[in-house]
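Every chain is named by a letter (A, B, C and D) in the order it is written, and numbering of its residues begins at 1.
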Amino acid sequence: MLHFENDYNKGAHPAILEALLATNHQGLSGYGFDSYSQAAIEKIRLATACPHAQVTFLTGGTQTNQVVISAMLQSYEGVIAADTGHIASHEAGAIEFSGHKVLTLPHQEGKIFAADIKELLEDFYADANHSHMVFPGMVYLSHPTEYGTLYSKKELTEIAEICRTYDIPLFLDGARLGYALAAKDADLDLAAIAELTDVFYIGGTKLGALMGEAIVFTKNNQPKQFTTIVKQHGALLAKGRLLGIQFDCLFSDNLYLELGRHGIEMAEQMKVILEEKGYSFYLKSPTNQQFIILDNQELPRLTEAGLLYSFWEKYDETHTVIRLITSWSTSQEDLDELKKIL
Amino acid sequence: MLHFENDYNKGAHPAILEALLATNHQGLSGYGFDSYSQAAIEKIRLATACPHAQVTFLTGGTQTNQVVISAMLQSYEGVIAADTGHIASHEAGAIEFSGHKVLTLPHQEGKIFAADIKELLEDFYADANHSHMVFPGMVYLSHPTEYGTLYSKKELTEIAEICRTYDIPLFLDGARLGYALAAKDADLDLAAIAELTDVFYIGGTKLGALMGEAIVFTKNNQPKQFTTIVKQHGALLAKGRLLGIQFDCLFSDNLYLELGRHGIEMAEQMKVILEEKGYSFYLKSPTNQQFIILDNQELPRLTEAGLLYSFWEKYDETHTVIRLITSWSTSQEDLDELKKIL
Amino acid sequence: MLHFENDYNKGAHPAILEALLATNHQGLSGYGFDSYSQAAIEKIRLATACPHAQVTFLTGGTQTNQVVISAMLQSYEGVIAADTGHIASHEAGAIEFSGHKVLTLPHQEGKIFAADIKELLEDFYADANHSHMVFPGMVYLSHPTEYGTLYSKKELTEIAEICRTYDIPLFLDGARLGYALAAKDADLDLAAIAELTDVFYIGGTKLGALMGEAIVFTKNNQPKQFTTIVKQHGALLAKGRLLGIQFDCLFSDNLYLELGRHGIEMAEQMKVILEEKGYSFYLKSPTNQQFIILDNQELPRLTEAGLLYSFWEKYDETHTVIRLITSWSTSQEDLDELKKIL
Amino acid sequence: MLHFENDYNKGAHPAILEALLATNHQGLSGYGFDSYSQAAIEKIRLATACPHAQVTFLTGGTQTNQVVISAMLQSYEGVIAADTGHIASHEAGAIEFSGHKVLTLPHQEGKIFAADIKELLEDFYADANHSHMVFPGMVYLSHPTEYGTLYSKKELTEIAEICRTYDIPLFLDGARLGYALAAKDADLDLAAIAELTDVFYIGGTKLGALMGEAIVFTKNNQPKQFTTIVKQHGALLAKGRLLGIQFDCLFSDNLYLELGRHGIEMAEQMKVILEEKGYSFYLKSPTNQQFIILDNQELPRLTEAGLLYSFWEKYDETHTVIRLITSWSTSQEDLDELKKIL
């Protein structure tokens, strides 16, 4: 089988498994109080140029979104997001389950913009009945978005300014952040993201870890008793070392960025292959997710040839949008094989 | 002041106050187990031609929507509603607060249609990833809608059929049901609504009661331990008599329908006045809510003249949609005064 | 039937019904923004000697407890209460339903004490694992308690001091507050309660109102966007006038205190009757609830004679504790009849 | 440092790390649909003699308790547990956070008994006001308990019978189940547990896994849409392989039972050492947790000598109960060293 269906179908980067082996017999404190977690935190502070960042490691993206959003919102507040945002569509209602509405804005290629956020906020406060409505209490962005697209530094700065004007936090979901950082022409690095957002997370699951996401509170704004909040969500890992060791690896020797770069290089090559083969792009993303429009009749052939892809959405009666995705673990051989199949 | 801003600015119909006075010194059971509540239930069973209806009285609309929806949904389910539905927009996120997503469909004059509901359900089950999404577990309609419009018997029947096909309940919010029942050309009576829906409520607050809504489960489908569920939401009134006596009144001598008819008659006269005065309708509703488009410059004059209305929404840079609303308590003098002011 | 089973089996004090009649045709603002609600707030500020009190009217006790407690607690906090506290036992889990644990202390005749609260707090913070536990975030007292007993000024002062030391609010549930204020030898008046607590409520349902409880935040500490929080709980009454008018009445001409006094006077007479008849008291309370121990064989006779009482608990194999309760509406004739039956 | 403070201070059993390494480059399906998870499920079905068991792997104990309990309870139900049960005391209110009350019974050495559960259930249904109370909807046991004690087959059978009489599920928390299975004189094996309970979990975190707990629904009673429920709690791991591979290892070649046996053997030796040294036992448990009473003055010496232990509770003014715990990873050298220090 040829794996282009998602970016989490392999285990972990070998360096991570080696580190787990090397540390296996050490007796360490639980719940993230081990030395590796502490070292990982220091490295993330350095990488984000945010010396006072408050960092917590959780095991998955939906869990992270639920914990961060419900910990930061007041009960009467909801979170603004693109209607295609992961929290709005593919997290089984985890945000609503924790009591909060997702206030959706129409997306453009997965993105939302400062002007639309501003209008939503202005309209809300202009409405004489707004005390009967859900208060917009946070802005959620994914970067890259669910369509693989990226915010520019200018766009993120404008959104951050609106958030500060209205005194609501800006939260950036970085489940695939490494691919955003490595994309060609990307002008947002970790330091800029740390500066512009109030909280974001660095995704490990899709970038070489067995699992793990690093939440970074950047403004000395971690909610009080955050460990207890994490525990209450069932999200506190006993052997926190498992997360600490992985992020310690990912933030040593530039590994995280290297893994992102590799995924992007594979994606760029894949784009060339798709173009050469004459495939029509639904969207040309600068990151590791690519979306192409296929005649429905072509789909069985690809499946039979052993290509795994993601169904994305119906394009029209006779066509379908599929997603092909590279990752830190895609090899040159995978691409050669893909070329052959297509 | 001239009250056309809402349909709950007066106290109660005199017959209700008289009944409260007449029964005041009787010692009665609490929590809805008094004889008046039981009598009211019997009258509602008769009026809805639903002899086994299970009826519960609560104090307000948002409370009723929250209790019914959260009691009927599984934790992984959400409720389908128009994006203008009351639960989607003006209940401060009460549905999400109880853990459930509102799955919105675009409205047409406040309504949603069987075809769109069917498409949403088909698309959901066709999506290979639907286990990562909120299951559509109920359809919510308001009748009249938030724009005063009505479902026809044909439309409601089609929606009910879809719901039965997918085995999800159909819930009708009747906060202003009396006005729907009395509207000209309306072809849905209480019996038809009881037959087509799985649960609905008969609004009292906006139709002559001090407060109160009667939930009617029509298919022997009241959730188990419903009293405990109501209590858990803080919605169980100690002196349940207060609700029972009011609904006993409203369902004696056709009072409920009479109050609706009066509100509609006043609305029809108001429409004529508005037309004669050359006002432009945003929407011509068959019930007690009317929406007109005004030049922004006209608004201060109306306010100064003592007319109370509801701001509805911005129409364009120089115009505003306002709502004028009649009710069971609107008098001929009110209309004469309105005519003078306009 | 002779009603000694609860204190909410009659309608309302006549003055309240008269006020509802007198104001019935006035067009008033909704949601508590009417002039009567505002007047009632002013009168409560005066009566509590708390000129900046923030007052909100809700419809019932469980609702009030749920709204206040969940609005004031952080997500990781629970509320300390007696194991016999209403929130711990007879509110169908409304506090847990809103996400919070009730941290119970053993009661003595329904009361808890500063020393025990202090020990709970000290033990919690002394425990190295306390971040894995629910933080004690509030103290809840009922006054009178569920056993009719009262806190002394000294006891309440000591509890308030502990709360201030640990910076957690003190909440007093006054569902039957009027009877506490009127009890013989009671040394806590409204001003003292307002001074010592952070929030409390004045119960109307059991003291002459059709329904209604007045929440009083005494330290300028009403949670932000409290109206939206109330709405989100389904607890915002459209015709807020109905609550405002009733509390305006209750706090005019000392009516609230008078009703309390009447209930207490009836209770004192009932105690004499019970003593004369040789009944054995389970507990002699200074307020309107009295608990006596009866031989099980005596119960059918009382029921047959038309006496309504509350089963309280099994005393032993052959005896039962029952509650007899007077109220604002108990008459001299009721007592005479009771005497005859006993 | 000498680690007797908990049973999760080391990494994983070497066989697990080897399996992760060996499978690392395989492309596998996510969310538990990989072949290793499926193989692990089959092995657990065999080991539990429950061929139709429905098995799901989660990452931690609190998460597992929260997901299972909230998925199985109706909104108006709570869960019966010992007051020392993990869910009642050390899970930061995760059960209440998901809306449910923990109905506690007094423990005896960590255990609760059929007679007490029966009495609670009888009293509940005998109470005329029980619709105002939380319904007892499940029984939760930990085995071993938080004090290391065990239920006998007779005790568990009696509890199961009560549960069946009242038609409520019996849930067994097996965070340390391997140590229970291996304890001397234990008469409950996996097959008996599967037969007697409705759902239980097999703990991996404390028995050689990096993390992981296997939920086993034994009566074809897994809640509908359980994957969505798991996702909604943020508990669905993208790389489900990580859990599947570990449990596949643990249930190959009897590894799980072997790890339990090793922990027990170490504990038995530790008990002998403690007895020889004249320590006084707070409780003599048959599993890997031992509780001894120490003079407070002795504590600093142990700490200085490098011994890590858990503070359990104050015994009296001058004595403390500490917990010493062995595990799958305790070595003979560790015991020798312990002997030296003591």
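Operating definition for what follows: contacts are C-beta pairs under 8 Å (C-beta built on N, C-alpha and C of every residue); 3 or more make two chains touch, one makes a residue touch a chain.
Heads up on the chains, UniProt names are A, B, C, D = Aminotransferase class I/II-fold pyridoxal phosphate-dependent enzyme.
This structure is a prediction, so every number in the text was calculated from the model and none was measured.
Any chain bridging chain A and chain B, meaning touching each of them, is among C, D; the list is complete.
Of all chains, the one whose CA centroid is most distant from that of chain B is D.
Centre-to-centre, using mean CA coordinates, chain B is 33 Å away from chain C. Averaging C-alpha coordinates per chain places the centre of chain C 42 Å away from that of chain D. Distance from the chain A centre to the chain C centre is 50 Å, each centre being the mean of its Cα atoms. Shared interface positions of chain A, defined as residues touching 2 or more other chains, are 75-76, 91-93, 97, 99, 131-133, 228, 231-232, 236. By the touch criterion given at the top, residues 70-71, 74-76, 99, 131-133, 135, 224-225, 227-229, 231-232 of chain D touch chain B in their complex. Contacts from chain A toward chain B in the complex involve residues 75-76, 78, 89-93, 96-97, 99-102, 128-129, 131-134, 311. The touching residues of chain C, counted against chain B in their complex, run 1, 3, 6, 8-12, 14, 17, 20-21, 23-30, 59-67, 91-94, 97, 205-206, 210-211, 228-229, 231-239, 241-242, 308, 329.
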